[in-house]
Amino acid sequence: MDEYVTGIVTLLAVNCIAALGVSLFTGFTGIFTLGHAGYMAIGAYTSAILTVQYDIHWLPAILAGGTLAMIIAYLIGLPTLKLVGDYYTIASLGLGEAIRLVIENWNSVTRGARGYPGIDGYTTLPIAFAFLIVMAIGMFYLVNSNFGRAFKACRDDYVAASLLGFNTARYRVFSLAISGFYCGVSGALLAGFMSFIQPVMFDMAKSTELVSVVVFGGLGSMSGCLIGTTILTLVTELFRPISQYRMLIYGMVLVLVMVLRPEGIMGTNELNRAFFRKLLPRGRAAGEEAQ
Amino acid sequence: MDLIQQTVNGLSLGSVYALIAVGYSLVYSILLFSNFAHGGFLVIGGYICYYALRSLNAGIWLAGAVALIGAGLSAVVVEKLAYKPIRERTSVTLYMLIASMGMSIVIENIFVVTIGGRFRALPPVIPTQSVDILGVATVSAADLLSLATAVVFLVALQLFLSRTKWGLAIRAASYNLRVAGLMGVNVGRLISIVFFVAGLLAAVGGIFLSVKYTLYPQLGSMITTKAFVGAVIGGLGSLPGAVIGSLILGLAEMLAAGYISSQFRDLIVFGLLIVTLIVRPAGLFGKSVGEKV
Amino acid sequence: MRKLLVTLLFVSVFAAGAAFAAEPIKIGYLAALTGDYAAYGQTEVNMAKMVVGDVNKAGGVLGRPLELVIYDTKTRNEDAVNAVRRMIESDKVVAIIGANSSGINIATAPIVDKGKVPQISTVGTNPLVTVDNKGKVRPYSFRICFTDPYQGALAADLAMTTLKKDKAAVLYNVGSDYAHGLREFFVQDYKKLGGQIVADEGYRETDVDFRAQLTKIKNSGANVLFLPGMGKDMALIIKQSQDLGLSNMTIIGADGYGEFMNEIAGDSMKGTYWVNHTYLEDPVMAPIFARYKEVYKDDCKEFVNGTMAYDAAYWLIDAIKRAGKAEGPAIAKALEDTKGLKLNHAVLTINPTDHNPLRKAGIILRVGDDLKAKFYQKVEPK
């Protein structure tokens, strides 16, 4: 396979992992975030510094990146998740940017705004996909477990859930922490793919990209999230050479999806047998009607 | 000496933020969503002014007027195209927020694709020589002008809101849009007017920013984020709050850059945002946001 | 027997035909065509296209035509890294010219090393472009310009010895490898000459307002301001320094100079000094600039970038000829072995231990009242 195509598919897998994380927080727990690129940055820089400066193998480095991102997400979540609705969104924007700026100013450790070059290219296609499969399965079980139900309860009716005895605050923070882990791992894999990271790669535009992909695919649908990531990643990467139009098309897609089909491609459905069965009988009935 | 100069710097920066933050807050007060595309109106105003000056050889007053009206109209168009369909279908403001992010990307990139991303320096129609203030501070003449213009427009806005019929309607709608509609206000037209005014104010800011920092498609997004923080500090939905919050932000930025470190400037901006949201999410003048559970 | 002769005839005709329709030698060109550094990059690409056109008309190299594969970095390191990856993996180039920015070449160095494709930087002056941070030379990274330790020393000398300004302020872009390095070298040498650094301020890549830093600089009592940067922010700084009443402070910049800065800074550019690689009035370059004007109907405004791109292209072509084959490793070796190659702006000899050109002169420019950068002084290396 053409090395360039391999590259795009690898990048796709990496983006999917981050999208899964955001999907858990925004889609399944119902909290809209504009700052998750910050957690990717933490994962990326941790892994980069560990592998380049301290010669640590990539596997523990990636996991360390994800874990650090998770811990920071947890600590940040404790004071800020008491904010409601739009206010948390705004705070998340500030937090994402603040994380990025801290990395940018910490010259001695991260080389600051100049970026961190020379990272070993440890993210190969099989490794990226291995991570994706393991983490996707994990997410699937999480979402369908009791935890998952608690998250969905927080999303669907925050008030009712707390009245029913769910410690909604705790679940929201857990959700944030886990999504932080996913984004951290994704960031670490991205560092190993690009061999070069810069704080500006994890700015608000990246956070917006993460959320858009999830909304595009369908809030509350794991398979939708993966489909959405695939479509948008392919569009942006294939269009990179004629890239002036790339961002324009991306923006237009965003607006069109919101105007025409805000629930996203998959809505809250998953790509499973029930979904396909729903499609078919309608077709059959329409056929019968036509007769 | 130094403190006064930095303060003057801060106020002049803050006054430009204020123009943009006010338009932003105005839209929020009515529709309760953050219009991230606001920066786009700023850039549209800047480009219209630039082309009026360059190609049509118009004077600054005519070019400015055309730019203001053009930006206002484009704001109305954006509203009708992207927000109205969503607003009519659902009350979830999240979707409009995402659509606004999309629109901001679209507007920025329409310019990149058609006109090109290279910066454009406006012809020197606004005087920029340095002016000495009583020997204690030096400002560019353009800064003084932008401060004065900001004041003029804000006062005009205040008069509009307090003395005219539509102003009254807007103030009513900011309390409760639906009830205002029930009381006979044409909600569709009200929203159009609000967006027109927001676009117009953004364009004023846009012209001054283009003169100072050159005009390029990304000019809007950068400054709007800061103005947004100013609006939040002052209290989203409150217009005096937007002005005061912006001035505070401009001052904080300059003083931080002057006395701590220039690199930490942006960190201070976002730090202030987070602190405000944690300590008092409603900002200085906003309505108190209580959690009902 | 006749059949054999006829077959031989056919085969030889085919072979000759194949040689005429020879496969092109692909050379990648990495430049900023959009974004803040577009002025530099567009000039470079124009010059490169002109060279390739001329060379192909004269029969190509090793009997094959040259093909330029141009990628836009959009003034973003991330896009440059992607572009280089594509050039090597998809387009299969044998060499890359560009970029003009140290940061980009430092980021792409590991990639060209892995892909075994030599990369020549036109104006990337930071030492790390050709040598890694453990001091080892990067086998596939080269440059045609001098490096920042030399440039910093020239600037310090200009400030302290020539212009006799003993209190310096520095304002630099914290996001640029180039600015970081150059600042370090300037400060080192300036202090050695007995000067005093009274202000050392930084700014971020996206900043457009420098009044806070300039106010501090004004109050520090500096009589010279050193700007180790490039691009639009330089022009904004120079303009804003005049706004704040700093017009009697001498401003010294380095090879980040660009004539496009006049658009923004206008008259505040008058009297600024720039350490650079070449000068507009160079008689050797005059016919080349004239041709540029003929082909592109515009003056070669960023003449430094134009000159370096032109010479880098001819250097690469010379290396391909000496290597005898259009393959990355062979070309890299030929580049490394360059000795006494007569180019337009200088005679090029490469030091094999660090891939840097030896004995390059520095040219000091001064912007005159007509806003053009004029020759002021030439400094030969000691």
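Think of it as A, B and C in the order they're written, each chain with its own count starting at 1.
Assume contacts are C-beta pairs under 8 Å (C-beta built on N, C-alpha and C of every residue); 3 or more make two chains touch, one makes a residue touch a chain.
This structure is a prediction, so every number in the text was calculated from the model and none was measured.
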Highest C-beta pair count, chain pair: A-B
Relative to chain A, chain with the most remote C-alpha centre: C
Whole-Å gap separating chain A and chain B, where each centre is the average of the chain's CA atoms: 31
Between chain B and chain C, centroid-to-centroid distance (C-alpha), Å: 40
Residues of chain C whose C-beta touches two or more other chains: 34, 174, 204
Of all residues in chain B, the ones touching two or more other chains: 112, 263, 266
Junction residues of chain A - those touching two or more other chains: 104, 244
Contact set on chain C toward chain B in their complex: 34-36, 38-39, 174, 201-204, 206-209, 211-213, 215-216, 219, 232, 236, 239-240, 242-245, 263-264, 266
Touching residues on chain A, where the partner in the complex is chain C: 2-4, 7, 104, 107, 112-115, 117-118, 121, 194-196, 198, 200-201, 240-241, 243-244
For the chain B and chain A complex, residues of the former touching the latter: 32-34, 81-82, 85-86, 89-90, 92-99, 101-106, 108-110, 112-113, 225, 228-229, 232, 263-264, 266-267, 270-271, 273-274, 277-278, 281, 289, 291-293
For the chain A and chain B complex, residues of the former touching the latter: 32, 79-80, 82-84, 86-87, 89-91, 93-95, 97-98, 101-102, 104-105, 158-159, 162-163, 204, 208, 211-212, 215, 244-245, 247-248, 250-255, 258-259, 262
Residues of chain C that touch chain A when the two form their complex: 34, 72, 74, 76-79, 81-82, 85-86, 89-90, 103, 106-107, 109-111, 114, 132, 174-177, 180, 204-205
